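Listed after this line are the structures, all set down as structure tokens.
In the two complexes below, chain A is the common chain; its partner is chain B in one and chain C in the other.
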Partner chain A sequence: MKKSIGIAIILLAIVIATAILSPNFLSAYNLENLLRRTALFGILSIGVGFVILTAGIDLSIGGVVCLAGILTPYLLTQMGWTPTETIGAILLMSLAIGILQGSLVAYGRIQPFLVTLCGLLIFRGVARGITMDQTQGFQGKFAGIRWIGNGRIPLPGVDGFAIPAPVLSLVIIAVLAMVFLNRTVWGRWMKAVGRSPNAARYSGVPVARLQILAYTICSLLAGFGGLLFVCDVGSAQPSDFGNFYELYAIAAAVLGGYRLSGGEGSVVGVVIGAAVMQVLRNAIVLVPWLPDTAEFAVIGLVILIGVLSDELLRRFAASRARTQAKGV
Partner chain B sequence: MTVAPPILQCRGLGKRFAGVHALRGVDLDIRSGEVVAVVGANGAGKSTLMKILAGVLPQDSGEVLLAGNPIRFAGVRDAVRAGIALVHQELHLADNVDVAGNIFLGREPHRFGFLDRQAMHSQAREWMSRVGLELSPSTDVSTLSIGHRQMVEIAKALSLRAKVLILDEPTSSLSMGETTRLLALIRALAEQGVAVVYITHRLNEVLLCADRAVVLRDGARVAEFSREQLTRERLVHAMVGTIHEQHARGDRESRSGSTTRLLVRDLKTQAHPEATIDFSIRRGEIVGLAGLVGSGRTEILQSIFGIDKRIAGEVVLDGRLVASNDPAAAAQRGIAMVPEDRQRDGLMLEDSVRLNASIIRISRESVFGFIRGGLERAGVARMVGLMRIHPATPERPVGLFSGGNQQKVVLAKWLSTEPSVLLLDEPSRGVDVGARAEIHSLIRQASDRGAAVLCAISDTEELLLLCDRIIVMRMGRIEGEMDVAEATEESITRLAIVGSVEFAA
Partner chain C sequence: MQRNLATATRMSTAILVVFGFISLTSCGEPAVELSPKQRQAQFVQNYAKNPIVKPRLAFVTNGIADFWVIAQRGAEQAAIDTGATVTVHMPAEGIADQKRILEDLLAQNINAIAVSAIDPANQLDVLDQVATRTLLVTHDSDAPASARLAYVGLDNYDAGRAAGKLVKAALPNGGEIAIFVGRMEQDNARRRRQGLMDEIFDRSRDENRVEDPNQSLTIGKFTVLNTLTDQFDRAKAKANVEDMISANPNLGCVVGLFTYNPVLALEALRSGGKIGQIKVVGFDEAPETLAGIRDGSVQGTVVQDPYNYGYRSMQLLNAVCLGKPDALPKGGFIDIPAVTVTKDNVDAFEADLKKKLAGNKAAANAGNQTGNQAGNQAGNLAK
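Let's look at the complex of A and B:
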């Protein structure tokens, strides 16, 4: 928990700054939208957090989001599948992608960077091939299934503001992830794999199976995320749907306290990290003197500052702990 | 008697960590051409003292005199410039660079900004010949044995014009042959006028090669012996306060009547595919693997546990086969493995004692995969008390503990699961006499509960102290087997070095 305080402070600072610079920021409409985007990206970020925890990386998230995002309307409208069949197929496909990529990393001993980079290219390529690059939409139907992405849960007595439905998914996923990581043997072992793969192996921890599990969770959440995204926006263009999402997810995890060398990170931190990313993107649009075209530059800069200040804070805490210990 | 003035002196050195005295008023004189052994139990302050001398740490009180002048090192570079070099227990060589590159790392000879490879290699060859390292300077360090790496470190120190050479437990991972060579080198360096400070747990080596031995206990200098005064008993007595090393040997029951627990049949390892290994261990028996470094002992342990793939052969535990190349399955069957390099393979150094010690047990006592936190904490607290892990702080990162206590944590991880087979690779490497005795007693307790124990140990003295039976390895093969009652240090060493076949000249 303590480690998430730094990133929480950064979030608060950016929120306050944006609120001062743009009067529209605190409007109910904007906040609701912000919450929705945070929930959607938060789900992807929690997923990649598992992989980063084992000292791996998953660059294929954008590809999986794209494939899930275009297949959802495609299966519903072109193939005539029922919503249940469609959701089942998307989740099964994501599961298979995760197991495949995880096995290539764990048993094939191929660098995760390479495996998932190829995955990123392949999944987008497949998505474009299936649809012949045609935009896929719900054609105004399927409001029922689309609720999980674009639904609003009204608050009694509050007008103009409602809880976006994806927040529900995020909360359930975040709670499950926290329970898994902190309360189960596999969660404990997954951290051990990231801390020291050698020590884990010499302790009889099934390292390969845990790595595969991490990639599977990540792809599953990416596929589910893609489903939510397309339900939210209503249509998906195969050539750019989910572009750069893997980088947003990785950035959120790193901001939230995950170390790319593995073994450290918290679910709460990663969700706050995802929120920081979305507030930033929002701020660039709202603040009049910030050019929208500078979005990537600003985001890159803020992540750098965030990671740097986190490192400094960590060193400060460590040296204070040392002096305190000396004083006893 | 006229003696050379001390090149390095300490006067009343004091150092505190977290309020605990690591050193209290230590005096030490080091003269050129002399080998001074610094001995003491873990936590006695040896490493702290050496780190202050080598400029790694500043002292809190007292002073260091260099050739009679007070000096304060701002860092390691300062000390190196003054001619003081520390060779660490854990070696710090760059694996991907050749020998010459390592000797001159950071100060490579160059011409017009380009690396002068020729000059570097010829100079490297000079320093290598001084330490008796007969290798090409372009040999990759990653292919060298630990013994050879040590020589490279010493050559590097000498090339820095070291007048004082501090060796921190240099023989802890060397084979018998390598140790003999290193001790000879130390004597030779002393004769050339280098002052050698030698930190070790191995009392035999102190008796063999030290001109003087200084004993530290609880951060204070408790004794100093000249060459003539040196005896084993005196050293042990000064180190631990009371003599309690030689014990427990006599009162062990014979295991010759108990049933076979572990059977290794027709095993071929990747390192020595030409040799076939066969042996068995009874319930409660402690079997030692003797042999030189590289004789294939580690590989046998690793192929039983499944870290290495077996080329051929099978391992049978209690009548059932153990899967090859699957450590998780081996652990499930009750096989425990204590690796040689505990920092790399045995522990998650940044994690607490609790997380390290409970990593296997949590899965045994879990319900539907959920950790039972209360049981976990209670179990770890019990093990910390039982094994006398010091300080008894389960939430402290294990990397902050001394070597002996780290090893106890590795043992706690396995012993808390009551293993059927206990495999140990150099279980008391870098561990002091007191902790070694405790580790031995824990191993014996595990065997008393029926575990079959197999341990690879380089120190013949320790083999005789701990084991019921000894298997001697040589070049990947089993060269001989003997009951501890009929084994001697000499017979083991002879078998390990020359084998069972006597050659006529």
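Let's look at the complex of A and C:
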């Protein structure tokens, strides 16, 4: 929790600044939108967090989001599958993708960057091939399954504001991830793998299996995220659905305190990191004098500032710990 | 001595061969370098003297969309009707990808290319490169400064004005309007937006007027807010509409300039419970847009005729290859006018669309696999 204070302060600062600059920022409608988008991107970011924890990287997230996103309406409308069959197939497929990529990294000893970069290209290519580049949509049907992406959970006694359904998924996933990382031996082992794979191996930690598990969780969440995204958006075009989402996910994880060298990170931080990205994008539209063209520059700058301040805080804490140790 | 003589002979032969080769290759190039425009004129003359029966033609889009699938059907139908071999190429990753495709087509010595320019002002070098090596026309999005022989498409400014009329019908008492589009740098996006604004503000036709997309503008009872772009990211397109609704509580009408924009606007309005409260005006004929017109959530849409972009551009290029320069239009513009679809004509429009899509499906599928054998068998109109 302590690790996430820095990023939480940044989020609060951006929220306050945007609220001052735009009177509509705190409207119920806008907050609902922000919660929904944060939940959608947050789920992807929690997933990539596991891989980054083991000092790996997963660039295939955008490809998996695309494949899951176009397959969901495709299976429902073109193949006539039931929603249960479709969700089952999407999750199984994501699971298989994760196990395959994880095995290539753990047993094949291929660089994770390379494995998942190829994955990114392959999955999008497969999606385009299956659909012959045709947009896949729900055609106004399947409101039931789409609820998980665009539904609203009304709060008793509150009018005009409801919790977006994806937030429910995010909370469940975040709690499970926190319990796994902080309360189970597998979670602690996973951090150990990231800190020093050799030390972990010599201590009897099943390094390869943990790596595969990390990639599997990541792809599973990416596939589930793709499902939620398409349920929210309503249609998906194979050539661009989920483009760059791996980078948004990685950025949120890094903002949330994950170190790309592995071994460190917190789930709460990742979710706040994802929120920072979404609030920034929202602020650029809502604040009248911020040019929309500056979007990427602003996001890039904020990530840089976030990571820099995190690093400075760490150094400050470390040096204070040293002087305190000397004083004793 | 003998040996030296032999060596000298061999060397001089080699030198002769090399020089001969160089002079041969240089013979193939014109002595004076012609401009891309002159090259186009030269191609047309050459084809008039030596017509090519069954030319190989390429139709290049600016991206991947259902819109282009309809254009593809038109291009394929033209292949069937004329006997030309037509290939359709859809760049997946924007301008760099389109350049790669054009270069690859040139490498195959294709006879003619019809292309929708993604960024006409900055693509002149690649379009000139195409124009010096093969016949070039533009469709959908024009590149007026290039050497293209003709532009097949609609006048996007007029289409914008047609959409402006829909907006005025949706908001008879005026109000705030937000415009959404994939990319602002495309000529069709610019002209549609300008035509739309000129119509809303009751201004005269002025091709050179340019309104800054980052600024809001109020004239009379209408305000046009700043225009948001999404770079074809659908989640972003939906978020843009949501954010504009948040930022402008009095928003009265949203206009989506590209096919998917009105669709995503509807999604945003639906999840925000704003259907009916905020009007939608769109472009193109996405099924969701047509359904919206039918149920009243969309005021109307301005549709292009992508089928004829494909059909007429391929027909034109085929005619030029067959040595009929008269097929080229005066003024270099083949007008494929826009049609306004509202509740009154949506059923008739959709029926016609279905007919066009189904018409050549079987033949086109065969054509895709066999380099348009079906097209060639279907009747060679080349005379």
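Note that in this section the second predicted complex is superposed on the first by the 322 of 328 C-alpha atoms of A that agree within 3 Å, B and C clash if a C-alpha of one lies under 4 Å from a C-alpha of the other, contacts with A are read in each partner's own complex, and residues count from 1 in each chain.
Everything below uses one rule, namely that a contact is a pair of C-beta atoms (placed from the backbone, for glycine too) under 8 Å apart; a residue touches a chain by one contact, two chains touch by 3 or more.
Every value quoted in this text rests on a predicted model; they were computed, and no experiment measured them.
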- prompt: When the two structures are superposed on chain A, do chain B and chain C clash or fit side by side?
  reply: fit
- request: Check whether A:Arg259 is in contact with chain B, with chain C, with both or with neither, and answer first, second, both or neither.
  value: neither
Message: If we overlay the two complexes on their shared chain A, which of chain B and chain C does A:Thr135 touch? Say first, second, both or neither.
response: second
Query: For the combined three-chain view, what is the angle at the C-alpha centre of chain A formed with the C-alpha centres of chain B and chain C, to the nearest 10°?
result: 130
Message: Which partner chains sit in contact with A:Asn30 here, chain B, chain C, both or neither? Use first/second/both/neither.
response: second
Message: Quick check on the superposed pair: does A:Trp186 touch chain B, chain C, both, or neither? Answer first, second, both or neither.
response: first
Task: Applying the touch criterion given at the start, work out whether A:Gly204 contacts chain B, chain C, both or neither, answering first, second, both or neither.
output: first
Field: Partner touching more residues of chain A, whether chain B or chain C
entry: C
CA minimum distance (chain B, chain C), superposed complexes, angstrom: 39
Message: From the superposed pair, tell me which chain A residues show up as contacts to chain B and also as contacts to chain C.
response: none
Field: Residues of chain A defined as touching chain B within the complex
entry: 183-186, 188-189, 192, 195-196, 198-207, 209, 263, 325-328
- prompt: Which residues, counting only chain C, touch chain A once they are in their complex?
  reply: 63-66, 69, 90, 92-93, 214, 216, 226, 228-229, 232-235, 238-240, 242-249, 260, 263-264, 267, 271-272, 287-288, 291
Message: Quick check on the complex: what are the chain A residues that touch chain C?
response: 22, 24-25, 27, 29-30, 33, 37, 40, 128, 133-135, 137, 139-140, 150, 152, 229, 232-241, 243, 281-282, 285-286, 288, 291-293
- request: Can you check the complex and tell me which residues of chain B touch chain A?
  value: 16-19, 305, 307, 327-328, 330-332, 337, 339, 344-351, 355, 359-360, 362-363, 366, 369-371, 373, 413
